[in-house]
Every structure is written in structure tokens, then in C-alpha cells.
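The same subunit A turns up in both complexes below, where it pairs with subunit B and then with subunit C.
Coming up: the complex of A and B.
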């Protein structure tokens, strides 16, 4: 990673970011803006999943479940408690963190496979519950008419972008810190980490709480942007697409999965003309990437951007 | 207690059993949990449907072709996509999830998202002590159990079965004894996919063909596997019947969403109270 982030690359990245940030003001509301808002939300989801899956190695299938409950609680707080939408996002995050705490503690006793199965079951159970208690969840169709952040989509674009950047920055800082180092130690070799004195329990749960907090925030964003939320938020489709984004982007790097969100959703839009084959292609792409470029899009970028340095011969 | 309830419970149990046996065998041998299992199930039914309608084959050749096709496909997929990286658990699971996604889309693209009718080959009923039993269901139950029994014979009594069992017990030691573990994996994948496809044909003949069935059957197979315990292969049979009979009884009293919710609740309960399941043993040594 140090190979990549030298001065010229950093300047390039900031430039791209500035152009991207200014774009909506220049072009005004458009379909693309709406796509980008969704991308922001999913990028937050993907990045937050990375701290759980990519850093501590707990492959949780429940991330979208937390996202969904964050969305629901955000919606309920607006509808029943008259809380302003912006605060509802934070409530979503808090709910997410609490759920993450519970699930994190529950999953301490499971390793890879059972963990995935339990969280998978929790996701499906969430869907069933949401459908069952239709009186408060609106069932399949959901609750509608939730006050949105703003009717001006450009504002929503900036808010979501801001939250996305905040998420990535925070997660990156955590990842680079000693906490992140310990988490990655757990993923690489849990027993070895224990031997070296890493408090596996604490860090696994911490990762789950942090990741779930941001998932809940993404949920709050989702419902205040869409203005509605229903049991369909727990569909497997969302989970599978999230995993696509995470895998294609490159797990373990926070930024990678966020990039993956851009790739998957944008490709999905461009490939709309082959509507039904989209997911098949993306699935194949994921499998190929996981086998050939396990580091994903981020890894490929890294390699490309570090060429100048390596050619000059001063790589360590 | 109604006789028909028990008979139906046995029928459902046998369906659950053949739906799950492939999954547990796959996992026990390869160490990879095939999330795409549900897709393989309905694929068996769908391919047979194609054989019947578009290729104008009769039942047996169509069924045979579809079973072999699914088996070959999964074996090839395993060989190139999973075998080399099966030690990286996370990646392997993600790949099977991707396969699930792709197969589901493929089926919707090729056959449409709505249900398709599957011909019933044994119409009619038999009256036993005042209740009607559908012959088709009887055929399905019996043929499923025979298929499982055949598989048992294959695994327990043949040389290949011995090789597979050795690989299950301890792959490295088996390899050092000259058993080609990779090849054993491929055999197991083929056998488990084939019997799964067969199960799918059976299911289709008593229900219908639809992509929705995929998630349902997937969940059922997962639930039965977990109840039985992930380390055991044959333990899924009693587990399947337990779940099947419970499901039938429950459905008649609570109906509708019961099945859906109960499966997930069973999974969570089992994993929380006794992760080992009913018959599971120590973890797989890869």
C-alpha cells in the first residue's frame, strides 16, 4: 500500500474526488445522480462489511439484515417519534451497533461455516418477521411516505457522499491502527493471534459493532432517501450483490469494497440492455477475480499505480 | 392422530432426506459448504423438463440425462473453481454463493420466473384404511429411499467408496497412502450432485417447477444438515424425517408461514444450544 500512495497518486485521487464532488452542481439532477446516491449507500455497506469480514475474517451473511433493521428503526423513529430524518440516520447506526454487539457475541462460538449459516438464518428470519408483523413493518410493501432528507437530490448526493467519506476515513484509520493490525492477525491465524496475546473476543466483537454501526447508518440513509422501507430489504438479492461488491472490489482494504460498489452498480447500469444476464456476468466476473486477482479491483489498481516506482527500481 | 398426517410426514421426510444427503456428502468430503445446492436441486427438475418437452424424450432418458448433466457440471465447476482454493474458506463460500446467484438467474432467463407444470407420471391414488395416498408420492418416497440406499452401498461396499471414506477421515494421510484425494473429491461431488438432481426431479413431480422453490429447498437442506450435525452424512436421514414429520404436523395446525419461520428458528436454536447437531462429530480435518 505504501508503494501506491506516493505524492502524484494522492494528487490524482484528490483531483478525481473534486471533479466527482463538483459534478452534480454542474449537471444538476439526473438519473446518474440517483444511481450515485445508491452507490454511496452500498459503498458504506461494503466498506463496513470489510471491517468484519476482511479484517477479522468473520464471514457474516447478516450484514444486510442489520442494514434492514437500521432502516426500519430509522423509519419508525421518524414516523412514530417525529425525529428529524438526519437524526434518524444516527439512530439507525445505534441500532446497528447494538445488533452488531448481540450478533458479535453470539457468533464468538462459531468459526467460519457455522457463523455464516447462523447469520444467514438470522437474515431469513428477519425477512419472515418483517413480513409477519405487517402492522408495524408494512409487510412486503412496506412503509411509505417517510420524510426524506431533502427533496433536492443534489443535497442528498452530498450528504451521502459526506457520510461515505467519513465512513471510509474512520474505517481506514481504525484499520491502520493497532486495533486493525490485531484484527487482521485474527483473520490470518486465530490461534496464533491468541498465542501472541491478542484478545480475540474483544476485537471480534469490536469489529462487529463498528461494522454494524455503519451498516445501520447506511440503512438510515437508505430509508430517508427512498422514503420507504419494506420486508423486501431483507431479500437475499441485496446480500448477494453486496458480496459481489466486496469480492470484486478487493476484500481487506476498506476502499476496495467501496470501489466494488461503484463497479458493480455502474456496470449493472451500463449493462441494462442485457438486463437478465447482468448478474450472471457479474457472478462469473466475481469467480474469475477471486481466483485470478484475489486482491480485486483495488489490487489491480495498486499494481498499475506502483509500476513507475517498481520500474525505477526503488521498491522495497 | 390422522393417518394421512403421518403418511404425509413420511413422504415429506423422504423428500427432505434426498434433498439434503447430497449437501452433507459434499461438505463432509470437500470441506466446502455448497450454498448453490438448492439450485442443483431444481436444475435437475428443469433439465428433465427440457428433455421431456423440447427433446421429446421419455421420462427415463430425460431424467438420466439431467442427472448426468448436473453431476458433470458441478464436477467441472468444482474442479476449476473450488478445488484449488478449498482451503480458503471465505473465498470458497463466496464462490458457491456466486454460483447460486448465477444459476438462479440462468433458470429465470431460460425458463421464466413463473412456475412450470411438471407431468405426473403415476397418477391416481390408492385407498388405504380410508385415506387416499397418491401413487406419485409413494413412488417418490420409495425411489428416494432406494437412491439413498444405493448411495450407501456405493460408499460402504466398494473400492471407490473406501477411497472416499478415507479422504473424509483424513485427507493428508489418505494421500500419503496413495489415494488421489483430488480425484476422490471429484467422485464425491459427482455422486452428491447426481443424487441431488434426482431428488430435484422427484420434488418437481410432486410439486412444480419454480425458482422460488430454490430458496425454500436450500433453506430446508441447510436446516436438516445443521440439525443432523455437519460432520455426519447419514445422520441427515433421521434428521430429515424428524423435521419432515414435525413440519407436516406443524403446518396442519399453524399453516402458511410456519414452514418458513420454523426452519430458521430450528437452525438458530440448534446452533445456539448444540452446534454439533444430533449426530455431528469432531470437525473435518482438511
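Coming up: the complex of A and C.
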């Protein structure tokens, strides 16, 4: 019975995904396609942050810094080395992973709020560096005219959707494996994990490398979609949105923060008329959601989908 | 044969000597108890052996080899298990998932089988899909023991295993310890439960203000005037 129900949910999810995938071809709504591409990029970023924050409990505030450097290195590899944009995305990922390794090792000494402060300092430092070395970063104005993935937005929609699905599937597989279980154990109780032979340092750095790899990929994707990148990629605004996505979507679930990207960006788009009040409204939304539904959008969906199962008393 | 040898262990916390030149040993298949008033350095001693905190001076040997430079997880892998007074469970993981966290070399099937066997042994198999955070205090203690047993430790350091649990669970834990000792495992147990610890241990160590003030078999300790003075303040 339980298996049958799981299959039904899976079929439903695939159906929704199929409708979503054919939507741009059917409607050709270029505005919405652009929004969706941006959502895909942020969803990759939010899901990748979850393996660091939601799984391993490292409260990083530097995830958009890695995203930004992934974007810059992607851009430089195209501009200076004539690398095809698709490869630049992978370069973004590799740079992200290397930064994740460095930051992961650097931050081992820090925990909780101190870790957040140090990683936040990395974001501020990144912004300062990008402004300072304007000759290669373009400063505030940025680098423009970077060859894009494709001028056809529908193709970019599919590429970004593919990368998003690949990211979620990979992160989910890691999360469900023994590695993921140990990461969650570390988040719950570090000492408890240590006395069971878990090398806490290794798993924390591993989470940082994995999460940062996908953040770098999101960066590479961003730069090859926009055709430009500047110091503004390190703006605090992006980090705040990312935190909103993570919280509203439901951290510790990988899919939740990705869903959060849809909620935050779509709300942001449809609330354009209230301009700068959007972030205030989203902030309030986060507080309300965390108060009423601590498990976020994902938790609510999970509850709704498991309702018939609970009605039958078919507990796990 | 000596399994654990602790020599001149010292730990200072900002001027206060928490563990003051403490030496003792635990033999194979032996149950050693550490007793002493609150703040006498018992838990700190266990934390130093399992390297959850670094010691300032001294040397420690396991099966004759120094392990002073090893990290906490390496000590666990070496065969020294640990349970805590306040359980260190992974509350957001299920009971069964908690059993899969220990790092052991085994196939998935074997790990699953052993996890279920141990859960069955401590009487928690019917709760395997429950979140560990939802268990009662006593059940949490049993899960922590079952979880560490998956690693097949040679020596188990237990901090207050009988505190805050129903007497039926106390007898269950005592029964388990005795059974495991018969299988060749050793124990170093910190406890305030005098009745249980005196009945269980082969040898006792008494600590006060960071120092080891007495050592001997339970009968000797019971008769020691210094211990009576420490406990009763007379």
C-alpha cells in the first residue's frame, strides 16, 4: 500500500515536471521563461546551500560569495581562454569546489554565529576585491558581452532545468546515503558523532566542497545566461533572498529550498509594484511561515501528500 | 592483561585543576567504577580518555600503545566506545538511522542486520522508525548503548548509565554489562548510583577535587574512612 502511494506521488511529480517542461514551448511566454531560468539558477544555489546548512549545520553566510566567484571565473575562462560557455559552467563548479575546500578548512575552528560572521566577512571581502580590481572584474559596472549559452531562451531554460534536476538528484542521493546521514548526525550532535568514529572535520569539509561545487555551477550558469557579471553579484540582497528561499522552502530537505526559490522569485516578480517593500514583505512571510509551518513549503506539501496515508492509519 | 593505562593525567581549566595527576588502569574483561562527589573530575577524566577535550599533561596507552596524539574519532575506531550522562543522540534521525551512523567496515546488509539485532537486544526494535528525539529518557540511554555496541568496542566508557532511568532499565543495563563482560569486553563506569556500582564493579576508583584518593575492590572502598569523610563531610 505504502509503495503504491509512493508511486502515485512519484507519477504526480513527473507529470507536473512534464507540464512544466513543455510550458515554454507551448506558450512562448518569454518573460516567464526568463523568470524561470533565474529561478533554476537560484534553486541550484539554495539546494546546494542546504547540504552545508540544513544537513551539516554550518550556518554559512558566504554561499553567494562562492556563487559570485564561480560566475567570475566562468566569465574569465570564456573571455580570456575562449572556452565554450558550457565548459565555463563546469569551471565555475571546480572553482566553487576549491573555494569550498579552502573556506571549509578555514572555518573548522568556528561554530554557530562565529561561523556566520566569518563567512559573511568573506562575502564582504569578495565585494571589496571585485570593486578594487576593476580592471579584471569590471567593478560595479561589470564585464559585459560575455558569449552566452544560447540566444534562444528556450534552450537555456532546458539546460538550466537539466542542471537543476541533476543538482537535486545528486544532492538527494548524497543526503540519503551514509554520508548524508553522518552529516545530519554532526548537525544534531557533534560529540555524539565523534565517539562513533565519525571524522567530523572530513564530513564538514566534504559538505562545504559539495555545496560549493554546485554554487559555482550556479555562478557559471548565471554568467553564461546573463552575458555579464559585476561586483554587484556579491550584494547582500542576493544573500538575503537565498536565506528567504532556504527558510520558506524548508531547510534540510534539498527540494524544499529549491521550491523556496520559486516562491521567493515569483512573489518578488508579482509584487514588483510595491518595489522596495518586497523584501520587507518576504521577510514577514518568512517569519510567519517559520512560526506556522516550521518545516516550510516542503513540510506542508509532505503533510498534504501523506494525508490519505495517515487517514488509512498507514504509518511508517 | 592491561587494556587501558592512564598515567599522570592533568587537565586545567583557567587555573582550576580539574584532573590532577591521575593514574589508573583497566584490565581486559574488567569493570572499573569511578565514584566521587560532584565536580571531582570523573566526567572530565572520561572526556580526556575519549579526547573530547585535550589534556595538558600525562600519557595514555591502549593495549600498550600510546594514543595520546589520536583524535576523538580515531580513538572510537580503535575500540574505545563512549556513552554520556546526557545522551548524545541524533534527535532528528530515526532510531534505526542512529544505528547506521557508527563508522564500521561491513556490507549494507550486515549493518542492517546488526543494527536490528542490537535494537532487539535492548528492546527498542518496535520503535525503529520513531525519531530518536521522541524516545523517553530511559529508552534514549538504551539506544545510545545499542548504537555504540555496533562498533564492537573493546572498552566502553560509560558516564552515569543508571542516572534518571527506571529501575527496570537499570537492571537491564546491568544485565547487559555483565553479559558483555563475559564476552571479554571491559568497562570504565562513572556513577553516583552507589548501590548498583558497588554491586557491578571489580575495582573502584574514588576521586575528589580532581585527585584519585583511593582505589581498590568494592569491599575495601566501602571500609575506607577517607571516602566516608569525602562523602559525608565528617
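One rule holds in what follows: the second predicted complex is superposed on the first by the 310 of 316 C-alpha atoms of A that agree within 3 Å, B and C clash if a C-alpha of one lies under 4 Å from a C-alpha of the other, contacts with A are read in each partner's own complex, and residues count from 1 in each chain.
Assume contacts are C-beta pairs under 8 Å (C-beta built on N, C-alpha and C of every residue); 3 or more make two chains touch, one makes a residue touch a chain.
Please read these numbers as outputs of a predicted model, since none were measured by experiment.
Steric overlap between subunit B and subunit C is absent once the structures are superposed on subunit A; the two fit side by side. Looking at the shared chain after the overlay, A:200 reaches subunit C, while subunit B stays out of its contact range.
Touch criterion not met for A:10: it reaches neither subunit B nor subunit C. Contacts of A:184 after superposition on the shared chain: subunit C is touched, whereas subunit B is not.
A simple residue count on subunit A separates subunit B from subunit C, and the partner touching more is B. When the two structures are aligned on the shared chain, A:294 is found in touch with subunit B, with no touch to subunit C.
Put simply, if you stand at the Cα centre of subunit A and look at the Cα centres of subunit B and subunit C, the angle between them is 80 degrees to the nearest 10. Applying the stated contact rule after C-alpha superposition, one finds that A:192 touches subunit C and leaves subunit B untouched. In the superposition on chain A, A:131 makes contact with subunit B only, while subunit C stays out of contact range.
Of all C-alpha pairs spanning subunit B and subunit C in the superposed arrangement, the closest lie 10 Å apart. No residue of subunit A contacts both subunit B in one complex and subunit C in the other. Those residues of subunit A that touch subunit C in the complex are listed here as 178, 181-182, 184-185, 187-189, 191-200, 252, 316. Contact residues on subunit B toward subunit A in their complex (touch as defined above): 33, 81, 84-85, 89-91, 93-95, 97-102, 105-106, 108-109, 215, 219, 222, 226, 230, 257, 260-261, 263-265, 267-268, 271-272, 275. Subunit A contributes residues 53, 57, 59, 106, 109-110, 112-114, 116-118, 120-122, 124-125, 128-129, 131-132, 236, 240, 243-244, 247, 251, 276-277, 279-280, 283-284, 286-287, 290-291, 294 to its touches with subunit B in the complex. Listing the residues of subunit C that touch subunit A in their complex gives 50, 52, 71-73, 76-77, 81-82, 84, 87-93, 97-98, 100-104, 129, 147-148, 151.
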